[in-house]
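The chains carry the letters A, B, C, D, E, F and G, assigned in the order they are written, with residues numbered from 1 in each.
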């Protein structure tokens, strides 16, 4: 039983790490500000979700009321991030638009 | 100036490097700092105060006198921002919007009075409509942040946190309201008078608890002496006293954070902001 | 149980918040609450002084915990004296400032009184406490309030002065905090007595202790504006509102000198300071430079207020040099000079406040005919000036006397010479001022050719009474200087 | 050589705090912009806090919150070993210091806003020119 | 007029109660202590928050409809699946060595037939979270501007997602 | 398993280098903001992981939660600046 | 097994501090300062100072940054160094 829990938890954590890595690489590699927000906004959110899920699975080692409440509390973070992260992303994009930042497009690339 | 700065930095850095040579290693459990007072605190706090969070116990009880002044410092900062920035004079340039038509009016003459109401709305120069999505999300989040802040205040005894942190989070939830709606919405909800009274009251709760202990025959801030007043387990009286103190700190800090933010962001006019 | 040491600090503290609340009911209430609170704290300070003289050191354990665990207030004859001084000056200045505050910051007077009381709390707390970290917090309260109140002065320049003061003041306070950190890591305690006991067991060559000492003293020096670190002081004090300048100028630097003396005597021990370290000569030289620099920079000022601020810089040199002479006489002179200098500076700034109240400007060109129009104020100014110069019946003479004796005993003739030179310079300075005030006619400068009679435009009574009281105190402190030294200072030093 | 390396490794936290502090101090003294100076001030104070927190750290110890006794019903005979918990005192001191630093920060920023309102600049050299003009 | 006011009052009271329940549930989850003192404090603080800020949490339409919660709970798993699919697509893009040829950022606009604040917000957040699209602005009348990273992600808009959101809030056309 | 957690934590720390680079070098202010946002979301998880390393995760959840809130507030405030003051370039690159 | 995290984060913190005082835009300073505070909070959590970390998270990252942005909003973003 413990082995299974550990394997699941580890798998989720690794998945989260991969998501985070993807987000980070995306932030580095993407050509402009707008496209950078895509990996930053999405992959990080899912990364948090996967990692917290993994940690919650790990919590099953010591099942008790306190632990269950703790797990719910950890999911509260996820809930919060799911609500806040897209909004933050949206806010940043909006700021970029209002600040007059031109989006990068394929045509521009060809021209230059 | 750059050269002078560089010289001073080098001198100070050299002094610090020299002084650090003799310090015990990082994380050494046998260093004097970790043995003399800290041992006493760690071993005796739980039985003396029944508070598991040692930091809160030392903060609010053993060194409660410090914390009282810390709260006074916060109050002082709020008052300072009010004193330095608050500007009651009417503004020269004002902007109004005629609500039915959406026309913006720019009023330069301070004599002309337009009463904001159903027809006209007071506007900022750099007014933008508050974003719908942000507004909705913040509307949902703010109550949760607030309950969380109150939770942090109340659970300072068991988990990290306490009055100060809770107060700051509560204050930032109000700041979030000012950011997502606009400053006037916030100032309509929590008026300036309310905030300043809260700031003073918070510290007075702290001082008042201490004086109450003095009246009951103990030293200043000696919460143990409050036991006859509270129909509760007398063993927990110190923990209860700390809770009361934390609430006071939380109230004061919450009010002061909002005061500082509002005054800075509107240059003391309390009309427009971020 | 004797609660006086706690009430001493608590009265202005709770007074501050009550006057903040009362201002919402009626603005003038806050002034009366402030007055009552400072008076109460003055009474408590006097009681504590009586206790100390009767029964020795008074301790007050905050929250009932024994000293190394909790914080204690520890009042011996040295701080008792300073405490009485602070609360008396705070009270008198509050009496004097009701008119000037109404004129300078009319719309924010209640907030000013709240701030003022917090400032007094800070000073009293710094003096009364027996805990190193508590000292830091209270220094920060004092600094924060003074930043704010300095910024309430003249629009623009006072803000820059306050901002400059913030940067330098934060460096000072942080250095002190860092020094406390080094002390804490080597001793594991924060209580002054406890630290002193533990430090005695540590070999003298520990570089951490040396660093701690240097950082603490450096921090305190920055806060007290010793000469090369004084850059913030003249502007800050010159542009502050008068009601605040009158209290910050005499008290802030003196309290910091007290902190230095306390650190030297109680925490590190005179033995460590003078025998293990060999810094005394350098510091006495620093004192000499401070005295001379302060005095000569004062010579070049064309504004009475700026001149007085440089005189403060000069006086700090007296106290630092005297404290570092390394003998009892020098230390006694320095401690006595804390008392005397606070009184003298307070008298000077009170007189200055009166002149500002009547004339608005205090540039030298604007002082003509003051002796005729403001005789009482000028009498106080003359007395204080004589005391600064060091003319015998006034108190300034006696502290200088002790300092000179100490200098001769230590063989620091340069220090004695600097004292005498600065006295001469001060004499020149003040006679220049008196000359302007006495001899030059005022009528032409004001444009109305009314040679017929001189109109008395004396400051209001509420501003003259404190000046009179302080002038009396200056003479009294001079007359009873021997008693003060023998009953309060020397027992402490032995 | 190995001694030196040992010295560096054993106290790396302290060395790094000194670097951080010097960055802050340099910014406070040498930077031209008032806001930059403020940020430098905050970095300086944070470095001190880092120093204190480093004092409190103990290898192999846990947080300064007593474990397994959430109700606070006394110790029930369980002995608390001082070596198991991190020293709480520096944390307490630093809480106070953080509060003080944020208060100073707020006041300084209010002053900056006032200065800007009066002189329309935050650069020190420009401020000096403005002052000498009047 | 009278009834309207009463209606408003009742709605206010209802949202007060709901907010209070939500707050107290949150407190229980956060706290994890079941002592009388802490529960009492929790009641007090939930009351305070609900009293002062009850108009925030449920200001828009659909408050009185419990069905919204149920439908929202049914909508969540679908959303999560979509998000995961989107993220794998994103991962593929990010790690692809010739990423610059594959992406084609452009802005699309469409009109969503949603009216209430909460519905628009849900849709906007869902768009931000799913296939390479980020909401730029959402007008009051439901006009969306969306920044899409490539053609493939842009195709799905405003398709199934909008219908589902509309269904959740009972705004089916 | 604790060892595994610490490996994951170190991995997350290393992943943080990339947003940090964006944050330090980002051509525009908004790029920095994106970087800070990404750092914030990683730190939330990192705090939880540190909690597991100390085996006291119940203490760290509170901090992580507060962290998530305040990251949101900070990012919102900074982006709100551009909603009000429009120019991204006009002031920053003068001379 | 905490020291690697400690070391890495400390290095980050120093980079952030240097960048915060060298960047030629005050809003950038504010944002980098918030990153600095975030990392500082993490550092203190690593060293077991949970209360300090909490305070820094709430004060440094939340409120200080907002104050700084507000002050920049009311003054100017321009800086010469």
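By definition in this document, a contact is a pair of C-beta atoms (placed from the backbone, for glycine too) under 8 Å apart; a residue touches a chain by one contact, two chains touch by 3 or more.
Everything numeric in this text was worked out from a predicted model, so none of it was measured.
Enquirer: Going chain by chain, each one touching the next, work out the least steps from chain D to chain F.
Expert: Each step joins two touching chains, and the minimum needed here is 1.
Enquirer: Select the chain at the greatest separation from chain C, using centres from the mean of Cα atoms.
Expert: E
Enquirer: Counting C-beta pairs in contact, which comes out ahead: B-E or B-G?
Expert: Between the two chain pairs, B-E has more contacting C-beta pairs.
Enquirer: Measuring from the mean C-alpha position of chain C to the mean C-alpha position of chain D, what distance in angstrom results?
Expert: 29
Enquirer: Once you find the CA centre of chain A and the CA centre of chain B, what distance in Å lies between them?
Expert: Taking the mean C-alpha position of each chain, the two centres sit 31 Å apart.
Enquirer: Return the distance between the CA-based centres of chain D and chain E, expressed in whole Å.
Expert: The mean C-alpha positions of chain D and chain E differ by 39 Å.
Enquirer: Please list all residues of chain C that touch 2 or more other chains.
Expert: 133, 137, 140, 144, 147-148, 151, 159, 178, 184-185, 190 - these are the residues of chain C that touch more than one other chain.
Enquirer: Of all the residues in chain E, which ones touch at least 2 other chains?
Expert: 26, 30, 32-33, 124-125, 135, 137, in rising order.
Enquirer: Scan chain G for residues touching two or more other chains and write them down.
Expert: Where chain G meets two or more other chains at a single residue, that happens at 48, 50-51, 53-55, 58-59, 62-63, 66-67, 69-74, 76, 78, 80.
Enquirer: Considering the complex alone, what residue numbers of chain D touch chain C?
Expert: These residues of chain D touch chain C: 25, 28, 34, 37, 41, 44-45, 48, 51-52, 55, 89-90, 93, 96-97, 100, 103-104, 107-108, 111-112, 114-115, 118-119, 127, 131.
Enquirer: Hey, which residues of chain B end up touching chain C in the complex?
Expert: For chain B paired with chain C, touching residues are 15-16, 18-24, 31-38, 40-41, 61-66, 68-70, 72-73, 75-77, 79-80, 82-84, 86, 88, 193, 196-197, 199-201, 203-204, 207, 210-211, 214, 217-224.
Enquirer: What residues on chain A touch chain F, complex-wise?
Expert: 6, 9-10, 13-14, 16-17, 20-21, 23-25, 27-28, 33, 36-37, 40, 44-45, 47-48, 51-52, 55, 58, 66, 70, 73-74, 76-77, 80-81, 84-85, 87-89, 91-92, 94-96, 98-101
Enquirer: Touching chain A in the complex: which residues of chain F?
Expert: These residues of chain F touch chain A: 1, 4-5, 8, 11-12, 15-19, 21-22, 28, 30-31, 33-35, 37-38, 41-42, 44-45, 48-49, 52, 57-58, 61, 64-65, 68-69, 71-72, 75-76, 79-83, 86-88.
Enquirer: For a test of understanding, state which residues of chain A touch chain B in their complex under the given definition.
Expert: For chain A paired with chain B, touching residues are 80, 83-84, 87, 90-91, 94, 98.
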